[in-house]
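Just so it is clear, A, B, C and D label the chains in written order, and each chain counts residues from 1 on its own.
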Amino acid sequence: MIPVSYYLFISSLLFSISLAGIFLNRKNILIMLMSLELMFLSINFNFIIFGNYLNDIAGQIFVFFILTVIAAESAIGLAIIIVLYRVRNSINVDDIGGLKG
Amino acid sequence: MSLGISALIILLSPLVGALVLIFYKDKSEIKSSVIANISIFISFIFSLMLFIIFLFNSSTTYNYSNLVWFESNNLIFTFGLLVDSLSVIMSFIVTFISMFVHIYSIGYMKNDKSFNRFLIYTNFFTFSMLVIIFSNNFLQLFIGWELVGLSSYLLIGFWYKKPTAIYANMKAFLVNRVGDIGLLLGVILIFINISSLDYMRFFDSLPDLSNTSISLGSLSFDLLPIIALLLFTGAAAKSAQIPLHFWLPDSMEGPTPISALIHAATMVTAGIFMVARLSPLYDLSAYVLDIILFIGVLTAFLMGLVALVQTDIKRIIAYSTISQLGYMTVSLGASYYSFAIFHLLTHAFFKALLFLCAGSIILKCHHEQSIEKMGGLREVMPYTYYTYLVGALSLVGFPMFSGFFSKDLIIDLFKFHGDYLTYTILISGIFVTTIYTFKIFFKVFFGPNKLKIKKTDQIEHSDVIIIPLLGLAVPSIVIGFALFDSALFNDFFKSSITDSGRLETIYNDFVRSSLSFTLHSFLTFNFLALVSGLILSYILYYKNYQIPKNVTQKLESIIIYVKREYGFTHLSDVFFPRIFNNLSNMLWKKTDVAFLDNFIVNGIANRIRIFSSSLRLIQTGYIYHYAFTMIIGLLILLLFFYNF
Amino acid sequence: MSYLFYFLPEIFILSVLSFVIVLDLFLKESKKNISYYILQISLIIVFLYLFSLLFQKNISNYELYDISNFTNLFKIFTVLLSIIIFYYSYSYLQRFKIYKSEYFIILIFGLLGMMIMVSANHLLILYLGIELLSLSLYTIIAYNRTSVRSSEAAVKYYILGAMSSGFLLFGISLLYGITGSLLYDEISSVIESMNFNNQDFSTHSIGLIFSLIFILISIAFKFGAAPFHMWIPDVYEGSLTPTTLMISTLPKVAIFVILIKLTSSIFASLEIYWSEMILILAVISVLIGNIIAISQTNIKRMLAYSTIANVGFILLGIYTGPENGYEAALFYTITYTLFTAAVFGLISEINIGDSSLEKIDDLGGLNQKFPLMAVMILIVMLSMIGIPPMLGFYAKFYVIQSLVLSGSTVLAIFAVIMTVIGSFYYLRVIKVIYFDDENTSISPSLYHLISYVFVLTLFLLGIFPNLLSTIISFAIGNL
Amino acid sequence: MNQISFPLISFLIWLPILGGVILLFVREGYTQLIKLISYSFSILVLLLSFYLLVIFDTSSSDLQFQEKHTWISSLNIYYHLAVDGFSVVFILLTTVISLLIVLFSFTEERSQNNKFISLFLILEGLILGVFSAFDSILFYIFFEAMLIPLFLIIGIWGGSNRVYATIKFFIYTLVGSVLMLVSLIYLSIESKSFFIHDFYSLKLDLETQIYLFLAFLFAFGIKIPMWPVHTWLPDAHVQAPSSGSVILAAVLLKVGGYGMIRFLLPITPEAGIFLNTVIVPLSLIAIVYISFVALAQTDMKKLIAYSSVAHMGFVTLGIFLTFNILVPANNTNTEMILIGLQGSIMQMISHGLISAGLFMCIGIIYSRTHSRSIETQSGVGQVMPIFSALMMFFLLSNSGLPGTSGFVGEFMVLISSIEVNGLYAVLASTSLVLAAAYSLWLGKRVLFGEVSTDTIKGMSNLRYDEFWCLFILMLLVILFGIQPNLILDISHASSNNMISIILNRI
């Protein structure tokens, strides 16, 4: 069977891509949200792999919890973004620099 | 009545007087002067008594000390009294003159709005002078030393509105302080070597000390000469010897009675007194005596010359004082301390007399002090005229006058010892002295009455001014003769000064008796110099013969040079102040403010502030930068620990 | 079912919450503050209950949920603090007419999250607790809908926070993969059994170190240690003052507890690694915090940077290791929290005109007008510098002593020098209050008796620090 | 030995603080009440300290009237108060000066006078704490806490540039003291206790000693202040209100000297010898260099401030020379060194009194003319004769006139310095001239001469309270000048003990 390290490599790759997505992105906040989702997916991937590899159920269970939490989290995130849009009519990342120094 | 008690009374009575003057409500002139004079009079009476006692039995000494200043383990600092022939005669001089000066000041300081303050100062001065005289240890000596300095400071600056006065008194104090450094260091050196400051302990341990040496850095010296030298710097400053003399002429800014009391008769002789007091030390400290002698000769002659070119009556007498002090120093240097004390005695009287005369003249001339402007006062003020004459003759050492006995003794000393260089210099000193003394005499009392001072039908001054003149004129004539055989050569100082042996020899081989000394003196160069000086000044200042022009032209530059005290004036009034000023300003502005404070202290603070305001820029406010920094941090940690 | 009553606090809070949420729907606008009172009272009840738990003997520990006296004490402290916070927030919201019951409901959710995360003995529970806390924080920061800065701060915190929980999860997943368990004790025993040292470069060790780093980073982020501190100034400045008060106090304590729990249980055998990492973070935090704070003009932002510096100090304490470092760090944390609470409370009670206090210079001449208020701020600021006899001094003292004890005297000197530099900006506040000309538009709210009592208590604690220190050592003893 | 039933020293410390706190709550208006409270408390404290002096056993050098209670058990820090010879001397100085300051503070018009005086009372209590704390952390706590009241006093009631001055003062002192804190902690770890006397018996290697020495030197050198780190003093003095300058110069500087005697001498003597060639020159620089700097001043307060630094140079000289008894090479006479040590104490006391007098004098001038310039003002003597006499007296004693206490200390220190090295003595003795120069220059410019400005012509005469403040100080200066034993006896046993401790270290 495929050694676990391959999977790990994939998941770390996803993770890094998501990180890159967060700090390379200069345009829209939503893209950041997406990359966050990607990050969590990579983590889930990890958990599933390990769970399978250790044939232990805890990993899979953990994934469910993560999924639900992420759902809530992104809901809140979107809400915040809406609030932001209300007060400043843009969700452009470059416009969010009022607080600095 | 025990010596100690009476000495204590002599010492404290002026102090009590001063305190009463301070705290007594009624500050009226009458009351104040009564208080002051009584207090001085008491101590005069007692010191006169002591003096007489000692005349008959000079060997008794009384050394008493138990008032503890402070103690540390077994080291104890005490105050005490030492009553012996030396201190007695000094206290006699001081109180005598102080008394007459007090009386004189009643008239002289009349209607001065701080009359009371004046008397407080003079009383305080008398007290502190007596502290020196009666002290039996170095500490007390030093304390009195500083206190007389203080009172002279206060009295020179008595008229504190006069800028010249407050300049002069500061100068005087500082110069004396310079001397005091030497004195203090010497005292401490003595202390750390014998663990005590008592004169007697010191004299006893002198033999042991004579072969100890101290090391300063790498080089090492014999102890005693160093101590002697250090102490002498103190003496030189007080007694206005070159190069520390230049405060004395300026000190004439003070009221004239003060010039008489402090800057002629008493305080300035403290140095002479101290060296005489420490005669055992100076006997043992070889080359120091030569230095002292040298300085003395220099002062005696050069300052006489300066006196010659002065025009201010008080300054002339001041310079003459310095040169007379030079004579005393000379005899100290020749280790004939008793002669110095003897000259001190006579000089005190006639110089005080001269100053008081000057005072009365100045008073008459409405505080005009330049002798060039005066003239023809002979009829106007006969008392002053005669008393001045007495003082002058005594000063120049006219035979049978008291000055003669003391001064010619000192001069003949060198003939006796065959030191002819010094001898000639001193004799030319006499010549000079005579010229300037009679220059005043002729210019002031003869010639046209330039100031148009009327001869009033009543007496020239009130009695309080006349009496001291007469009171001082008498001893100026007689005291030298009176004490010559009976005291000086009668082992009066045997118990207090170590030169009695030498006195014996010089008396037997040279002086023999006062009369023979006098008669013999008419055939000496001293007298010749005196007479020639007299004639010269008669020609110059009475007949006013003009010396040929070209000679004066030639002399002009020299005169200027001499007027400037050979450059000392420049040194003291321009050079040192400037140096100090620049140095201190430089240290303050450059080092302290610019470097230490602004560069280091505030510099660091500012750098931190700048650094902070530049560091805050990393907080850009953009999410992706924040995320980026987080990831950088992550990577750093990962890399840092990956290759563990 | 007997053991249930150890969870009673959490359960109780939860039930009250659900009740209030429902109730709030049926309350009139004017009556809405009733729900605040209900919550406040329930908090007090919880406090008393927890207090009673302290005196329970034979506390059996549960494998999933830790109810030791240590966590218990922590809960007591948090609840107590949240009562104060509630008071301040309520008065503030009332004053500015922006009261909503949700505010408090969310706060309670955060509290619940903290209680759960500190009691967690299982990584999943830990994660859930942390998330509960973070979610409520996101929302509460964004509470002030009309303000640009508040929503901006929320966005920033949201993105970065999610990222950090991603790190946490990644770390946990690695840990899970290597050790095959999620329970603290099991994991630590497994790592123990691996007993590897620096020379060992097996995949395991690398994976472990990676997971350690990831978890540590996410904790550092929540803690606000540089270089993961970027969110702190913005969030502090952006959100309402009571919110800042909450964010700057409670989560810090919770995270601190998590940190020492993890380092003392899971990563106990990896001390060589984590102490190094913590040291790096600590030094950077102290430097950055103290230095940048000097050039701040907004008081909340200034305090944010001072928070970073203090966090650095706490980490320095932890760095010196369990035997005496934890005690020092805990003492420092508690002191820091109390005084931050006090200062933000005081700030929240000062109005400039009809807005809340922002600029430091707006405090000008407070002394002339409200001397008592000025003295309070003076005490707090001096304590933050660490001038005896204030409590802050003993905190710094503890940390420095533990540093010297552990032989790193250089660090101690570094710390004290940084303290001096730090005193610059605290002094500026005092200077403005006492030495500057009066700013006429200052007007504290009327009722600040509580803050007087609060600060006075802190001051007395400084005079008699024995009380606090004994509690601390008791707590550490029960860790 | 010598125990008493009630905690005398605690009373000494906490009474003034209590008084200060009470004053905080008195309304500004009630001047009489304020006067009543402040007088009663400060007089009470003064009497207590006299009582302390009376029952203090000067023959013994060990701690007396000990009070030791557990304070912070987990750190084993104790609330440990006691006194020995050194403490008593400084306690007396503090109480006397504080009373005079309270007296003097009412002569000046100012806002919030009650707070002003309450801060002074609190400060007094804290200073007394410093002088009587024997647990090093307790000492440190008092030492630091002293900053707060003075910081506020200068900052609130100070001159135009007060903020800069006070913050500089605060930071400066903080820098020094935090380093001391670290070394105290180190010592406590070595000796397993914070009791100062336990530090004395520690055997430390030279390197450690040097570090500790430098830390302590920095802390106390800034406080006293020594040469390179003195720059806070002029600013602080110039900006502080008169009473502030008085307490700063008269008492606070002495804390530095006290600390040196307590910590530097017994704990790190070897380091002292090792660094002797550095620290003694520092003191000499302070004496000579700073005297020159003082000559250049145009602001009265600055001048006196610099002269304080110069005088403190004598104190540090006397203390540092004490290390030389450990050098067998130059077989120094311990007795002489002892005199030097005692001398530095004497010097501190006398400087306390004299500088207090001078700053009060300057305050009196300033309160009338609102200027401290030396250049533009002159002729005060004609307007206020009595005042000028007093000020002249203080100036002269500042220049070390025999018969005043100013002379004794310098004399004693010179003894020990000449014992160690003649060169030191020669350099130090220049202060005889320099001190006289700047003191008399000040007198000449300000008191003498013609009246320069109308404000001076209009100066109101000396008030009674002002007069009494100065007069009492003058009496004390003269008294200690004539009978220094009164001071030296108290600290004598302790100094002896200190010497023997140092000798036992090796």
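Keep in mind that, in the parts below, a residue touches a chain if its C-beta (ideal position, glycine included) is under 8 Å from a C-beta of that chain, and two chains touch if they have at least 3 such contacts.
Being a predicted model, the structure only gives us computed values, none of them experimental.
Asks: Which chains sit in contact with both members of the pair chain B and chain D?
Replies: C
Asks: Which chain pair shares more contacting C-beta pairs: B-C, or A-C?
Replies: A-C
Asks: Suppose each chain is reduced to the average of its Cα coordinates; what separation in Å results between chain B and chain C?
Replies: 80
Asks: Cα centroid separation between chain A and chain C, in whole Å?
Replies: 26
Asks: With chain centres taken as the means of their Cα atoms, state the distance from chain C to chain D in Å.
Replies: Distance between chain centres: 44 Å.
Asks: Return the distance between the CA-based centres of chain A and chain B, expressed in whole Å.
Replies: 99
Asks: Using the touch rule from the top of the page, what residues of chain C touch 2 or more other chains?
Replies: Residues 155-156, 159, 163, 233-234, 296, 424.
Asks: Quick one: which residues in chain B touch 2 or more of the other chains?
Replies: Only 605, 616, 619, 621, 623, 625, 627 qualify.
Asks: Among the residues of chain A, which are close enough to touch at least two other chains?
Replies: Residues 19, 22, 32, 96, 98-101.
Asks: Mind listing each pair of touching chains for me?
Replies: The list of touching pairs comes to A-B, A-C, B-C, B-D, C-D.
Asks: List the residues on chain D that touch chain C in their complex, please.
Replies: By the definition above, chain D touches chain C via 70-75, 137, 140-141, 144-145, 147-148, 152, 155-156, 162-163, 166-167, 170-171, 174-175, 178-179, 181-182, 185-186, 189.
Asks: Help me check something: in the complex, which residues belonging to chain C touch chain D?
Replies: By the definition above, chain C touches chain D via 327, 367, 382, 385, 387-389, 393-394, 397-398, 400-401, 404-405, 409, 412-413, 416-417, 419-420, 423-424, 427, 431, 434-435, 464-466, 469-470, 472-473.
Asks: Show which residues of chain A lie in contact with chain C when the two form their complex.
Replies: 4-5, 8, 15, 18-19, 22, 29, 32, 36, 39-40, 42-43, 46-47, 49-50, 53-54, 56, 58-59, 61-62, 65-66, 69, 72-73, 76-77, 79-81, 83-84, 86-88, 96, 98-101
Asks: Where on chain A is chain B touching in the complex?
Replies: Of all residues in chain A, those touching chain B are 19, 22-26, 32, 93-94, 96-101.
Asks: Within the complex, which stretch of chain B touches chain C?
Replies: Residues 605, 608-609, 611-613, 615-616, 619, 621, 623, 625-627, 629-630, 632-634, 637-638, 640-642, 644 of chain B touch chain C in their complex.
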